[in-house]
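Multiple structures follow.
Each of the next two complexes has chain A plus one other chain: chain B in the first, chain C in the second.
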Partner chain A sequence: MSYYDIDAILTDAEKIPCTFQLDIPDLGYLDNTPSQPLKAGTKVNLPLWLAEMLVIANTGAADNKTFVTFDLPRALGNDVVQALKADPRAVPLRDQSAHFYGLATHMLDLSEEQELGSVLRKTFVTRAAEISLHARKVGSIGHKAKSKGEGASEMGSNLGLGGAGEEFLRGLDEWERSLFRKAHEGAKAGKDWIESVKKN
Partner chain B sequence: MALSLPPGLTHAEVSFLAEMETVTIVPRQRLDSIDLLSGKTPSLRPPHRVDLSLWLALLLKKQRRANIVPPPWLHPASLSEIVQRETKENPTAFSEPPPVPSRPNIHQPGIAARQNNNETVQLSPPFQASCTADAPAGYLPYHWMEVAEMLLTFAGDDMISLGSAGEIRGLLRDLTEVRAAKMRDSTKTLGADGENVGGVVSLRGVGAMELAENRGFILGVVDGMRRIGASVEATRREQEEEMGGPGGGGGGGGRGDDGDDDSDEDMGI
Partner chain C sequence: MPMYGDLGNKLALHAKRTQNLAHLPPYQAELVRAVTREVRDLDKEVTTLLEPFQGSFDPAADHATACTLLVNHLSMRRNKRCLLAYHRTRTDKLEEHVWNGVDVLDLVAQQQAGGGNGAAISGEGGASSSLSPQEEDYVRQYGDLLAAYKGQWTDIDLTGSLEPPRDLFIDVRVLKDAGEIQTEYGYVAAVHGSSRICCAGH
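Then we have the complex of A and B:
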């Protein structure tokens, strides 16, 4: 991940529900009350980069009180985790967050949620197998005519599938999309090579 | 900084390398030995079989100066045996690569010895004759997909002795599909929990082309797993350091800690 990684930057902009633990003067505008100090106990959605800083930057305080405490964002909430446990393939992760895994790894860094980590691992691997299956299917002879009609962008033609496959592919987050692209490029290069052998 | 090619060999490069494979031909014209960079080619005298590089064999074939003897593993019987093995007998692993060439030992009857027993066993494909007429049937060599595809395309008429090209192609397609499915599932055990975290299934016996095709995907999955597990891994290391810290307070322990710090940084990147 480089400094200019757009996905990393966008991940940092995801909102995290935080609760302030201290009264902070001049920050009232965060809670739409610009004239008053920000009261302790106010819940504010902060972007990940700011929340991360505030959560980490607390240890120096006198009574070891933190600036903020944070809850897991809704994308990683109990509902989603339960659904992922039931069947990872049935959850459209993109609806939760376009940078689901990026967000999740950041949250894992901040909180010590053992269970979340193992659920995520299982989810990623199970969905990866499914992704690879779709990546191979797309662009085969049956789909060629369809995707030609679609034309347009790379991703557009990749999504030129019907039915459940399309639904699944639409629910991929950014990590999974890049994985799909890699798997698809591999399969496509294989087909192209076979064609090129025939031409020579 | 930006090399547009993904890591590993591309398909074109793999198939270029596959042309180094040796195949057996039956020449139809006399041809003197040619002095090539890789050494002299054997001189061709019509009825005698000769082993040549695939690229030269294909060239002669296109000029109708030779016929290619198909390798035994390309025979439909051999291919269907492999398909059978891949689907029924061992549905989780890839079939074995060809065995190391061996021949009976004259001095010790009944005991086969490796050829070139004195430390110079050549196991890599350009030197191991895995596509000649003497190659063992029932084993897929490293470059099976490329060699089969090229032979069927350019020397289809020589392959008639094996059976119809359609039949062979059908079997090859079955094989490709079966193995592609195994490749897809090979990463599934990575998600396993707790102490016995699984790894990728052994890739022994996988062909060069299959590797080129799946490299991006498998590396992507492994990298994703690494990133998800990075924080867990970091805390585990910290715990280990705390546990091991008081015990190994010596200079040697300090060096070990440095190594750990380095790899932690790698994880963070």
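Then we have the complex of A and C:
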């Protein structure tokens, strides 16, 4: 992850629910009340770039209290995790967060959630296989559209997942999208190469 | 709820869009100015906050102020990152253009001519150019740099196409006198400055 990575920067803008642990007079604006002090116990949604450091930073007090504590965002809440356990392919991750995995990685850095990591790993592996399947298929559909006629029966086999497939692809998060793009381009480049070899 | 860093995020979104475009969208001068202004405001606030302490601020003694300072600092750092990333995305794009031999400044001039429609040369490049003056400068200097770099190897075209020729016969330009060259079609004279058609395999 580079300092200049736009996707990393956008991931850092994802918000997570935080709770302030002490009164802070000057930060009222974070809770939309600029004129009043921010009371301890106030819940505010803070972007990762801010929350991450506030969670880690030590106040220097004897009890080792931090400025804020955080909860897992809804995108990684129990409902979503249960759904992912049931069938990773059925969850539109994009609806949870456009940078779902990026957000999850940050959260795993911060929390000691044991189960989450393994659920996410399984999620990605299962979905990656599905993505690569779709990436190859889209290419062949595009190819068939050019040379119509021939593919009526073959189209049938492809369309088995057609509608659901589109639904699935819409639900990809940014990382999965780039994976899809790469798999798609790879399959296409491979095919182009084979065709050019045949010609010569 | 507008808060610090929101404008920087807008810049990041602009940069994200720029990555997926073939051309360079207009420079967000307003937004860049607003973000830098925000950084200056934050810096001013930090100075005011620290003033009563006379340089002997102890974060452990005053948690609330320490937290405010941290938030301000992080906001400034965030803005800096957004600004740098935005500009770098654009310069990357510009460098790509230069390597591809696209005359960016020419492109700008064309856009101006097209956009102005003869009505008036509005603001001398400011309004209709998609590059900031600094970026135009950057392109010019980067172009010079690339030219100087290429100048070291006059017989290799570094910016040439990497695609191998498909045709059986290609045009070649003779760089050095090579006298007579025998090909399967007979002799050709390779004299400096002349152009010859050669078989691609040779």
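By our rule, the second predicted complex is superposed on the first by the 178 of 200 C-alpha atoms of A that agree within 3 Å, B and C clash if a C-alpha of one lies under 4 Å from a C-alpha of the other, contacts with A are read in each partner's own complex, and residues count from 1 in each chain.
What we mean here is this: a residue touches a chain if its C-beta (ideal position, glycine included) is under 8 Å from a C-beta of that chain, and two chains touch if they have at least 3 such contacts.
Owing to the predicted nature of the structure, the values given are computational and were not obtained by experimental measurement.
Novice: Quick one: classify A:A90 as touching chain B (first), chain C (second), both or neither.
Specialist: It touches nothing on chain B or chain C.
Novice: Once the shared chain is lined up, is A:D26 touching chain B (first), chain C (second), both, or neither of them?
Specialist: second
Novice: Give one of first, second, both or neither to describe whether A:F124 is in contact with chain B, with chain C, with both, or with none.
Specialist: A:F124 contacts chain B only, not chain C.
Novice: According to the stated criteria, A:I56 is in contact with first (chain B), second (chain C), both, or neither; which is it?
Specialist: Once the two structures are laid over each other on A, A:I56 reaches no partner at all.
Novice: Is A:F67 touching the first partner chain B, the second partner chain C, both, or neither of them?
Specialist: second
Novice: Should A:W175 be classified as contacting the first partner (chain B), the second (chain C), both, or neither?
Specialist: Only chain B is touched by A:W175; chain C is not.
Novice: Mind working out whether A:A40 is in touch with chain B, chain C, both or neither, as first, second, both or neither?
Specialist: neither
Novice: Between chain B (first) and chain C (second), which, if any, makes contact with A:I9: first, second, both or neither?
Specialist: It touches chain C, and chain B stays clear.
Novice: Decide which partner touches more residues of chain A, taking chain B and chain C as the two options.
Specialist: After superposing on chain A, more of chain A is contacted by B.
Novice: So which bits of chain A does chain B touch that chain C touches too?
Specialist: Residues common to the chain A contacts of chain C and of chain B do not exist here, since the sets are disjoint.
Novice: Write out the stretch or stretches of chain C touching chain A in their complex.
Specialist: 1, 3, 5, 9, 12-13, 15-16, 19, 49, 59-60, 63-68, 70-71, 74-75, 77-78, 81-82, 84-85, 88-89
Novice: Please name which positions on chain A make contact with chain C in the complex.
Specialist: Touching chain C from chain A are residues 3-7, 9-10, 12-13, 22-27, 29-30, 32, 47, 49-50, 53-54, 57, 59-61, 67.
Novice: In their shared complex, at which residues does chain A touch chain B?
Specialist: Counting only chain A, the residues touching chain B are 1, 101, 104-105, 108-109, 112, 114, 117-118, 120-126, 128-129, 132-133, 135-136, 175, 178-179, 182-183, 185-187, 189-190, 192-194, 196-198.
Novice: Within the complex, which stretch of chain B touches chain A?
Specialist: The contact residues of chain B facing chain A are 6, 10-12, 15, 149-150, 153, 180, 183-185, 187-188, 190-191, 193, 209, 212-217, 219-221, 224-225, 227-232, 235, 269.
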